[in-house]
Each structure stands twice: as C-alpha cells, then as structure tokens.
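Think of it as A, B, C, D, E and F in the order they're written, each chain with its own count starting at 1.
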Amino acid sequence: MATLGLIEYEDASPEVRAVYDDIMTTRKTDWINNFWKAIAHDPAMLKRTWEDIKQIMAPGALDPVTKEMVYLAVSVSNQCGYCIASHTAGARNKGMTDAMFQELMAIVGMANETNRLVAGYQVEIDEQFRV
Amino acid sequence: MATLGLIEYEDASPEVRAVYDDIMTTRKTDWINNFWKAIAHDPAMLKRTWEDIKQIMAPGALDPVTKEMVYLAVSVSNQCGYCIASHTAGARNKGMTDAMFQELMAIVGMANETNRLVAGYQVEIDEQFRV
Amino acid sequence: MATLGLIEYEDASPEVRAVYDDIMTTRKTDWINNFWKAIAHDPAMLKRTWEDIKQIMAPGALDPVTKEMVYLAVSVSNQCGYCIASHTAGARNKGMTDAMFQELMAIVGMANETNRLVAGYQVEIDEQFRV
Amino acid sequence: MATLGLIEYEDASPEVRAVYDDIMTTRKTDWINNFWKAIAHDPAMLKRTWEDIKQIMAPGALDPVTKEMVYLAVSVSNQCGYCIASHTAGARNKGMTDAMFQELMAIVGMANETNRLVAGYQVEIDEQFRV
Amino acid sequence: MATLGLIEYEDASPEVRAVYDDIMTTRKTDWINNFWKAIAHDPAMLKRTWEDIKQIMAPGALDPVTKEMVYLAVSVSNQCGYCIASHTAGARNKGMTDAMFQELMAIVGMANETNRLVAGYQVEIDEQFRV
Amino acid sequence: MATLGLIEYEDASPEVRAVYDDIMTTRKTDWINNFWKAIAHDPAMLKRTWEDIKQIMAPGALDPVTKEMVYLAVSVSNQCGYCIASHTAGARNKGMTDAMFQELMAIVGMANETNRLVAGYQVEIDEQFRV
C-alpha cells in the first residue's frame, strides 16, 4: 500500500491535517483518497500539490466538469490506472454523463491515432498554422 | 515534405477529391491541410480517418470547442508538434479564448505531474473509486 | 549539431574507427549516419549499442524487412523524428514498399487508439488471455 | 469490471449483436473478449472501431501474423497490459512462435533505447534521410 | 515564436517583472529564457511554476547537479527538445561533465529498454519488492 | 506468471546459470528476480541485457545510488510498475533515504509538467541553449 505507506488523519501532523481539512472542505467530502495519504510523508509536496490543484481546478474560463474531463483525458492517454479511476469518479461527481464519457474516450483514442499518423508520415506544419 | 509527398487537389483521384471536398464543406474552409494530403496516398485510410473524425468531432453531448480542446490537450500531452499547431488553430476557430487555452495548459501540465507521482509512490486505487 | 558534436571518421580513434568500419561493412554503405557520430564520444556505448543492434537486427526467425518495420513502428509510436527518418530509409532499403508502409502506419495508429480505449474503459484482462 | 460494465451477448441490442456476430465469424471464435463488451455501451464506437480494425488487420501487403506482431510491438512500447495479453494471444493464433516473440521484444526494447539516445544527444537528421 | 508570443521584460507587468527578477537573482543570470516569457501571459501560472521549481530544485537531500541531471533524464525520456536543450545547459552550469552526461544517457536508454521488456514479457512483481 | 513462464535456477541451462551466478555475485544476493527468469528463455538476450546493465550501472562518473535513482526516475516517468518496485528496492539498497526519494519524485513530477507546458505553448529553443 504505497512506497512509504499511507498517513491516516489520526496519525497526521498538524500541518498535514490542515491540508486534509482543506481538501475535505473544498471537495465537500468526509474522506481523503490514497494519493494524498501517500505523498503526505513530504508535507511540502502535499501542500504545494494541493494548492496548485485547488487553484488550477477552480472554476474559471472553463467550468469544473470540463476541467475534470480534460484531467481524465490526459490520464487515459498516459494510461495511469489510479488517475483514471479517481478522475472518472471526480468527473461524474461534477456532472459527466455516460454520453459525455463516451465522446471523451472517442476523442482521446482518435487523437492518439492521428498523433502517430502525423509522425509516421512526417507531416510538416502548414504555414497557416504557424504562430 | 512528408514521407510520400503531398497530394494536391489538382493531382488527386476522384475518390480523394471527394474526401477533400467533404473536408472543406464540413469545415467551411477553402484549403486542405498537410495531414490529409500526406495520407491521401492511401485513399482507404484517408476516407476512414476523415469519416471517423467527422463522426467523433460532430456536436453531441460535448460541444465543438470542448472537443477541440480535448484533442489539443492529448496532443500536448503527447508532444506532437503538428497536432498542437493544427488543433490550437482549430480550437481558436471554434471559440477558445486565451484564458481558456491557459487553463487548459495548466490542467495538462498538472495531470502529467500527478500521473507520475501516483506511479512513483505506488498508490493503490481506493475502494471508493473501484468500478 | 548534437550535444557533444559529431566525430567524423578522419578524427576518430582506432577503436571508434573499428566500429565505423564494421557498420559500413555490415550495412554495405560508405558513410556513417549522425547517430553513431554523436554517441562516438563514448566509445564503450558506441561499441555496445552497435553490437546489440547488429545482433538484434540480423536475420533470424523474423526477416530483415519485418525487423526494420517493427523498429519503425515503435519509433513512430514514440514520435522520434530522427528515428522515423532513418528507419523509414532503412526499411525501404530492405524492401518495404509504399503499400507496406501504409499498412504499417494504419496499424500503429489503430494500436495507439485502442491502447487508450482499453485504459479509459478500464477493461480487465479476459481469463482466456491470462498467462 | 470496466467503467460502464460489460454488455454480454444475451443483453445486447440487435445492432451490437450484429457486430459481435461479425467479430466471431471473422475471427472464427465463439466468444467476445472484454474490450468489445466494454465499449458496446457506445454502439457507434463499437461499429466504427471494429470496422476499422477489420479493414486494417485484413491480409494485404503485410501478412496477418506480421500485422499482429506490429500491433503487439506498439502495445508493449505503450505498456498497455490488456493489449499485450490480447495481442500476444492473437499473434500466437496467427503463427507467432516463441523465437519470433523473443526477436520482436528485442527490437521493441532496442528501439525504445535508441529513440532516447537520439533525443538526449540531440542528433540532427542526416541529409540522406530527409524526404 | 510561441502560441501567445513572448513577453519581454520591458513589456512585462510589475507582477511578471517580480518573477523575472527573482529568476535572474536566484540563477545569477541576466536574461530570461523563452519558457518563462511564453507562459507569462498567465501570471498566476508563471508565479506558481517558478515557485514550485525554485522549491524543488533547491539543494536538499540531493545536490543541485544531481537534480538537474534527473530533470534532464526525464526530459530525454519524454523527448522534449526544448527541455533537453535547456536542462543540458543547466546541468553543465552546475557541474555536469561530458563523462557524467554520457553515463546519464546510457542509463536513460537502458531504462527505456528494460521498461518495455518487462511489459512485453508480462513480468509480475517479486514478493521481495512488494511494499 | 510471465508470457513464457519463469526459468528457475535448477531448471536452467549452463549458460543461463552462468548469468544467474554473475548477477548474484555482482549484486551480493542469493536470489534472482523475475525479470531475469522471464527473459532467460532467450539466453542471448539474457546475457546481452545483463552485461549491458552491469557495464552501465557500474560506478563511474556517477555513483551507484545516483545511477539507481536515475533508473527509477525514468521508470516512474514511464509508469512501469515492475521497474518502479524493483528499482525503488535497488536504490534503497544503495543508500537512497526517504528524503532523497521524495525529492526525486518531486523532480520527476515537475519535469513531466513543464515538458508539456513547453510543448503546449510551442516554445522555441533559445539561441543560448543551441549546440
């Protein structure tokens, strides 16, 4: 169960608990998933990673469900099993329907296909696309 | 300029022209980008790939700009230069603003980071996330 | 032109020249491509890498053109521009036709697509496939 | 068992059954592996993906066992566990021997190594390899 | 030159200048490389990314040259051209010799090879390695 | 348990045993991990891979624990579960502390993030970094 083990709330230092509390408050849940418990051995990383994610995933020009779906799309493309499981749950919580999930997967698959066709056929960037 | 060269419209067979015409009509443009010209040496692949993309990228449960942004997110994660250039242009055409692009990139970066932290710390999937 | 520069034949030490000579003899060519000139700063790596490749790419249960095409397929999947250029040339030299190239690319694209669909849909291995 | 569950033959709609039937007929088997049952929730994707694979994997300029081995090589390079298990079985069914498998793996490993050496040493494409 | 262009010091807002100043002070240089100028359109990302890197790359249990070499190793493995160029320079500045670079590349190549052999041969984790 | 099964010491041919013996002597252990037993079906690959690794991982310009940590960093970046488990153990044996592991993971995560930001923002290499 994780390289360094998992740090449960009751065994956590005050600074780790503060992050755990903020995660639960922000996400309106009463539990902490293993990812945070695994990296909590490095409180600086725990705090930095959570604050980055909190800032990045907050509503902005993109809405929360779109943000979760992009996170899921990248995790699927990278084939990270844990991340796929957790962000599928996260996206559903924010409103992703089965139809949205299916369309998302279709795009991820297609992009991975054409990314390689472009490489294999050695296609150069069109003038129109240059920045 | 591409492994097998590029097939321009004027040199294309009727079946290739038919796909080119459908691309331009569907996308409301008057030119064909290099990707299609490069794979047109294989008319079956050209037709299959275009029809798949047309079906996948059509409006559905996800709107067109979200679909283009997901395509871009995967292409960025895979570091495919051509795909990044073409889908950045595509997403802009469908309404992606600078702010949307910036938030998109932040998520792609973050997902790539945490995908590896999960792997490195050997985090197991929580019961709550299992399907 | 390469991090440490390129070591040309006339500037090479005897041990590097010996590898260069063997490459040209084995491949029946009269020039050395940049990859070897770039890693020649590390003669042990040059020798080890060449001897490994010579052993692996020699005719065996798989014929030379199939071997080159597999090398190309992996390089395309990894989007390594140099490797795609050099192994496309290598595969052509060993008999890869345009039709073979096109079928190869179609498979590489498709495999990259379904690899992600499997991940995204969290598909478990069938009993029948378990070793 | 898969994000959306698996759709068994007896629970499938007529259009899904039609694809399942074609898979079994084409592959001369009497069962459907989990991949198809997992994506069958999206009948359009099921049909599109199967028809693409059927077209791409049909005998052509490359023979069936070579095609399966390329599919396996890419799946190994991408480290997709399900795809490795299923395409190892598929390649064996089409004639891949242990010796062929071993040579295939050796190439996949070597290509992944040299793809990175090329990147790390920042090797430029030789004039002779440019298209 | 970058999707959104590059923000030069003289055109930067006070908050962007503050980050630029801190980068130059910390790194003891008098110029800013393109990466920072490209993401400066998103001042929150600029600040967050810089502060994360500053914290992560500071001397700690690992010394600065080891840290830069690990950064380079990952960038080579991911085949990110820009990152390879910039972190090769960064590692040299911190003391990486040619011999260290060569050994680093040999490991990156080897790890990429064996990572795939493990996947292809479907090797299970030994009891002794389980956490 | 591995595609071709595992070859135990008592069932191994003399040439395979010779490699197993050298592994145990070099590593000062009395057991062989699954990776070697899985690839031992191909004695040429077993010998070649072991000799390469022995040469590459020997103390040189980089010390053994740094070498193991770089191997681990690449394996984490590639998300190879087996390799992460075995090289975490290997690095610990050579002196990696928890603090070193945590800093290593932080760098791997950060590098994966900025590798994509560079790609997404289409950042060009600075003149100062060109070789």
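To be clear about the criterion, a residue touches a chain if its C-beta (ideal position, glycine included) is under 8 Å from a C-beta of that chain, and two chains touch if they have at least 3 such contacts.
Bear in mind the structure is a predicted one, so any value in this text is a computation, not a measurement.
Between subunit C and subunit E, the least number of touch steps comes to 1. Counting every residue number used by either copy at the subunit A-subunit F contact, under half are found in both chains. Greatest centre-to-centre distance from subunit E is found for D, with centres as Cα means. Subunit E is reached from subunit B by a rotation of 120°, derived from superposing Cα atoms (nearest 5). Taking each chain's centre as the mean of its CA atoms, B is the chain most distant from subunit F. Repeating the E-F interface with over half of its contact pairs identical by residue number, the matching pair from B-D, C-E or A-B is A-B.
In whole angstrom, the spacing between the mean C-alpha positions of subunit A and subunit C is 34.
The centroid of the Cα atoms in subunit C and the matching centroid in subunit D are 21 Å apart. Multi-chain contact residues of subunit E, defined as those touching 2 or more other chains: 1-4, 39, 45, 49, 52, 77-81, 85, 88, 102, 104-106, 108-110, 112-115, 117, 119-122, 131.
If you sketch which chains touch which, every chain touches every other chain without exception. Within the complex, the subunit C residues that touch subunit A are 72, 76-77, 79, 81, 84-85, 88, 104-105, 108-110, 112-117, 119-122. Residue ranges on subunit A touching subunit E, taken from their complex, read 1-3, 5, 44, 48, 52, 55, 131.
Touching subunit B in their complex are the following residues of subunit C: 79, 88, 98, 101-102, 105-106, 109, 122. On the subunit A side of its complex with subunit B, the touching residues are 1-4, 31, 33-35, 38-39, 45, 49, 52-53, 56-57, 60-62, 66-67, 69-71, 73-75, 77-78, 80-83, 85-86, 88-89, 97, 99-100, 102-104, 106-108, 110-115, 117-126, 128-131.
Residues of subunit B that touch subunit C in their complex: 3-4, 39, 41-42, 45, 49, 78-80, 131.
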